[in-house]
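In what follows, chain A forms one complex with chain B and a second complex with chain C.
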Partner chain A sequence: MQGRLPDIARLIVRSAFHAVPTILVILVANFFLLRLAPGDAADVIAAESGFATDEMMEGLRSRFGLDLPILEQLQNYLGHILRFDLGYSARFNTPVIDLILQRVPGTLILMLSAMAISLMIGIAVGTFQATFAGRWPDRVIAVVTQLFYSLPGFWIGLMLIVFFAVRLRWLPTGGSGPIGVELSGLSGLLIRLKYMVLPATSLALFYVAVYARLTRASVIEAKAQDYVRTARAKGLSQFKVMTGHVLRNALLPVTTLAGIHLGGLLGGAVVIETVYAWPGLGRLAYEAVMARDFSVLLGVLLLSSIVVIAVNLLVDVIQAFIDPRIELK
Partner chain B sequence: MKNDRTPTMIDRRSLLKAGSAMAVLGAMGGTVALAEDAAAPAQGGTITHALASFPTNLASFLSTGTPQNTVCPKIFEGLIAYDFDIKPMPALAESWEMSPDGLTYTFKLRSGVKWHDGQDFSSADVAFSIATLKEVHPRGRNTFSTVTAVETPDATTAIFKLSAPKPFLLAALAGSETPMIPKHLYEGTDLKENPHNNNPVGTGPFKFNSWEVGNYIILDKNPDYWDKPKPYVDRVIFRTFTDIGSRVVGLESGEVDLASSEVVPIADLARLAAMEHLAVNDNGFAYVPTIANLHFNLMRKEFADKRVRQAVAYMIDREFVAKALWYGRAIPNYGPFSPLSKQWYATDLPTYPNDQAKAEALLDEAGFPKDGSGKRFSVTLDFYPDEPAYRTEVEYVKQQLGKVGIEVTIRSQDVSAYVKRIFTDHDFDFTADGYSTQFDPAVGVQRYYYSPLYNKGIPFVNPLGYNNPEVDKLLEDASIEVDEKKRYDLYYKFQHIIADELPVLPLVGPVKFAVYNKRVQDAIVTSNGVFGTLANAHIVG
Partner chain C sequence: MKPAVEKILDVRDLSIGLKSFRPVQNLSFSVRRGETLALVGESGSGKSLTALALMRLLPEVARIAGGSATFMDRDLASLSEAEMRKVRGSDIGMIFQEPMTSLNPVLTVGRQISEVLRIHEGLDRRLAMARSVELLDLVRIPEPQRRVHEYPHQLSGGMRQRVMIAMAVACSPKLLIADEPTTALDVTIQAQVLELIDNLCRDLSMAVILITHDLGVVGQWADRVVVMYAGRKVEEADPETLFSRPLHPYTRGLLGASPRMAAGISYRDQALVEIPGSIASATMATGCRFAPRCDLAEPSCLAADPDLLEPAAGHRVACPIVVRRGA
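On to the complex of A and B.
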């Protein structure tokens, strides 16, 4: 394993090098794509005021640089990016970088806990199903995961709120913590967890279904392989065969898919974040689209593309560890 | 102050005439309020107020969105407050007087008022605030356009000098409309970039504490408030719920104490009102009423002829719209003003009672006969996307007009696209929209019908292409007429012309409301509803 570390270092450097043109293309494409949407930030701000004058509209447009020719706007934007300046948000009246940094922890916590929950439960359930493949426990669970897979996230979210927050009043309806209260220590952590249970669960359910189905299929496939029969023949215990031989091979497709999902979750949690009033990046991106607040949206997209590239890299490395046959190219 | 306090039955018209009488009355209003609150309500507690969207900034002198208007009046006060009958009551001004020619207003200010940073509030702040609003406030530009100077002979006297009368000036001084801002923090700075726009300092009952952008705003009790022992509660939290479903569950679970009709969908109202811990307040929204209409594009050949617009009117049952589509939370409306603005509303406008035969005849006359398949013409109907009731209105309109051979296609888009289509590009046939008639017709209504404002691409200003010189003249005259009777007559005539020519087909005047948790009392005591100060709000039980 140690012999691979230089390979990994080389891979990281090369990926970073490749990432630059990719990100540049993403930025420019996004910039023009967003301009296709009718209306601009000044229209939205005026709409929210319910009142406007022509001086006000002109003032807004010149303040946000919207009155400049489009290529000049692009040039300005790229120039700022090169100086690590993501610009200023028209709608939120805040520097974009502050806004994003404020939202990143919320999204990361939600995303990672949902990912952890769905991977743990998904793999466990999938393995269980594979063990009982074709028999009734497998079929019952298949129906349940099918349900998780097909129910829309917002509906699950609302139903969980109605049941646990409104009916039983065990958990808060939304937000990421009590407002205006400093939290510290174990009790603080417990309170934060209370706020996380419902959004993380709602977000995880869909992925639980995906990973369970995927794990089931690949475990069944792996179980039929010769090396598993060999391992059994050697007299290894059922558990050792499962963890050391079957799962280790069966998990490769799961890690690939989880990598893709992790990138998607960054912006894709928008529905859950909206339903639970969770202060995350997905909601920020959505609100930025509605407000035609392009500098915020471009900032979120830039960050997302960096994360997706980084996660892909991470998945490559993890897979190399799981399966030594995979070469780090 | 409870709303059952016997109102002194003097309306705005006679008040404005007798300027000095009003000063006395104003002072009296103050004592009445004090006497009533002598049985002091409990101190302490937190009120959580739900917002549908978050404010762009906390500078209500600069922009006028609903979120700003909800949050800022707790921090910034006006010279005057208005009770449920829109009768002026003292706020930062203790009394006021208007000269008979309407060109001089003298305000006597409260002494001993301090800004949240400890500096004294004085007439210099008033002069600075008015000058600032005249320059940058979307409506202040108009309201104060003829104010040439604000003289400050001493620290508690401010004298407005006008070059031409503004009959609605005294109606415009609420904290939500004309906030007083601190001169010592704003003078000589770039008003739009001043850091205090996000960290406001006012004189109001609540001080700014913190703000997590897009999420929540915390205000704390101002212990040095001039109207002691108010405010009663320690803290007000504004939370943003962009999802309609989550706002309602917040009220249900008791996490949210107060939410206005911008926040709560009317479809959920009956269910919420039936809950034991919740109540509905629909008093206190007369200061800035809105109306819901169909707005026609008169530049389209289909709607250029008023007979076509009248035919549409004969097909739309306004009683039905109010009762079924607005769940009874609206009053059928037949004119360009809100039925809530009783002081202006003409009660004898034509109502176009449902009459399909008449509608068909008018359409034939206008040169749109039925073709072989029974169709006359096809049009597209847009709707303003942020009001759920408009969505049901357009379905109803489509169905009704289909009966007389007008084929309607409904088109939806988001707010930004909508604003650009209607107000900048004028690329629409007709649309379900509405407008706020504001505290005065010259401010809220005129902008939709005054022809010089057409083609300017300003959101919420005349997208109709309506051009009637007589209407323009009436509006111009009314906007400077000081005599209330004459002013009423001008607006009466205006309403009749509009109700006949129908560039806008009025549907209903929605009755705004607030849903609140019963543990919070006296949250709404003025006619600007949730745009009030919350100074009187207190927690019971």
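On to the complex of A and C.
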């Protein structure tokens, strides 16, 4: 294991180099794609104020740099990026970086708790199913996970709100905390958790179903391997065979998939954040699209592409640690 | 080879049942302290199932349908799962056929050997690791200090089988079950591995059940041979007797079908004999399972299961016809 550390360092450096062109392509492609949408920030602002003269429109456009030829706009944008300047939001009248940094923690907390919930429950449920494979507990759970798998996230979210927030009044309908109350200490944490339960659950349910199904299949396959028979022949208890030998191998594909999903969760978060009025990056992106606030949107896209690349790298490193057969190249 | 008297394993009328039929029926044999007993038979004769039944590791679809297996005064067939766990790996060690897949690919070999020592002998991590190094040295793996930290994919097939052996003998078991331990290895490695098992068996005074279909292996390493056909014992003798005076028509067929240089049988001089038919014909409810393929078969062969006769001391055969003719 220790012998692999230099390999891992090399991998990280090389991945960072590879990331630069990838991110550049993403930025340029998105820059042009966004221009395909009808209208710009000036149109939206004018439409919302209900009245604007041509001069006012011209003024807005030249302030945001929207009157320049498109290639020049791109050049300006990339020039700013090189200086780590994400630009200025036309809509919020704030530097983009401030907007994003303000929203990042909310989304990260939501994503990571959804990921943690789905991995823990998914793996536990899948292992349980594999233990009873083909018998009724397995089949009943299979129907439930199939349901979670096929229902759209926003519908689950709305139904959870109707049931737990409106009918039972156990949990808040949305937001990330009570308004006008200073939260601190353990009680503050508990209140924050209460606000997180529904959005995190709605986001997680789909992935719970995915991991349960994958774990089930993977555990059933691993259980039939020769080394499991060897482990039992050594006199290990069923529990130790399961945790030390079966799961240790069966969870390799789950880790791979979870890594890929972490990027996808960012997309899923858009819907959930909108349903629950959760102040996160997803909702910021959505608002930016509606307002044609392209510098904000590009900033969010830049950040998410960096996150996805970093997560993929992290997954490679984790995989190398848990599966010694993987060569770090 | 001096005859030891004490039986450490006494299998009586062991039957193994699947849903619709019994792949092993009324199998009896015993193993004496320190001896090497070979179970011989073709694929499907039930020898591997017998080994798994002794370890109580039969696949879910199979179960012990009757009989007993007395190992050091306890019946393995009726021990609880918890008691059985204490026997596995500690009193009885087992080596499997496929060294490539029988080791866990994501754990170091040291960790896998340590595991046995930690559960059965209660050693802590450090002591168990140190003992693992000694065991790797015992099975003659070069540079055990380094190898102990390696993963199975970094070792050759022969080395992996040595690791399996180290694991199986870690707690100095009284009995080692080796299920075709050399089938997946090439010939030069085969001899080394068998020699290693033979030496260990002497040094640790453990008995060995050697399951194989290789008659050459039997002749060289076994003290006694049990020949199985379709889940039954058809003949039992020491290898010298078995090779010089085989009695059962199936054993004769087997010997005729295998080239043995020592006995002057080579495919260059004459065509090797073939046993007509296949083991798939052994599906009848009563009678000698080999009768459909046997050129000595009489109508009485199918009427009832043949009794096990002992025409000479220590030489048993389940064929009344050959005994009658020989007598």
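We take it that the second predicted complex is superposed on the first by the 328 of 329 C-alpha atoms of A that agree within 3 Å, B and C clash if a C-alpha of one lies under 4 Å from a C-alpha of the other, contacts with A are read in each partner's own complex, and residues count from 1 in each chain.
We take it that a residue touches a chain if its C-beta (ideal position, glycine included) is under 8 Å from a C-beta of that chain, and two chains touch if they have at least 3 such contacts.
Given the structure is predicted, the values throughout are model-derived calculations rather than measurements.
Student: For A:N76, select first, second, both or neither according to whether it touches chain B, chain C, the two together, or no partner.
Tutor: neither
Student: Which partner does A:P324 contact after superposing on A: first (chain B), second (chain C), both, neither?
Tutor: The second partner, chain C, only.
Student: Could you look at A:Q146 and tell me whether it touches chain B, chain C, both or neither (first, second, both, neither)?
Tutor: Touch partners of A:Q146: none, neither chain B nor chain C.
Student: Scan A:D40 for contacts with chain B and chain C and give back first, second, both or neither.
Tutor: first
Student: For A:M290, using the defined touch cut-off, is the partner it touches chain B, chain C, both, or neither? Pick first, second, both or neither.
Tutor: Once the two structures are laid over each other on A, A:M290 reaches chain B alone.
Student: State whether A:T243 touches chain B only (first), chain C only (second), both chains, or neither.
Tutor: It touches nothing on chain B or chain C.
Student: If we overlay the two complexes on their shared chain A, which of chain B and chain C does A:G235 touch? Say first, second, both or neither.
Tutor: second
Student: So in the superposed three-chain picture, is A:Y227 touching just chain B, just chain C, both, or none of them (first/second/both/neither)?
Tutor: After superposition on chain A, A:Y227 lies in contact with chain C alone.
Student: Which chain A residues are contacted by chain C in one complex and by chain B in the other?
Tutor: After superposing on chain A, no chain A residue contacts both chain B and chain C.
Student: Name, in rising order, each residue of chain A that touches chain C in their complex.
Tutor: Its residues touching chain C are 225-227, 229-237, 240, 244-245, 248-249, 252, 322-325.
Student: Okay, in this complex, where on chain C does chain A touch?
Tutor: 55, 57, 85-90, 93-94, 96, 98, 101-108, 115-116, 119-120, 151, 153, 164, 167-168
Student: Under the touch definition given earlier, write down the residues of chain B that touch chain A in their complex.
Tutor: Against chain A, chain B makes touches at 48, 53-54, 56-57, 63-67, 138-139, 141, 192, 197-198, 209-210, 212-216, 218, 235, 237, 239-243, 245-246, 249-250, 252-253, 255, 413-421, 424, 436, 456-461.
Student: Within the complex, which stretch of chain A touches chain B?
Tutor: 37-40, 43-57, 59, 63, 91-94, 99, 102, 154, 158, 161-162, 165-166, 169, 172-175, 179-180, 274-277, 279, 283-284, 287, 290-292
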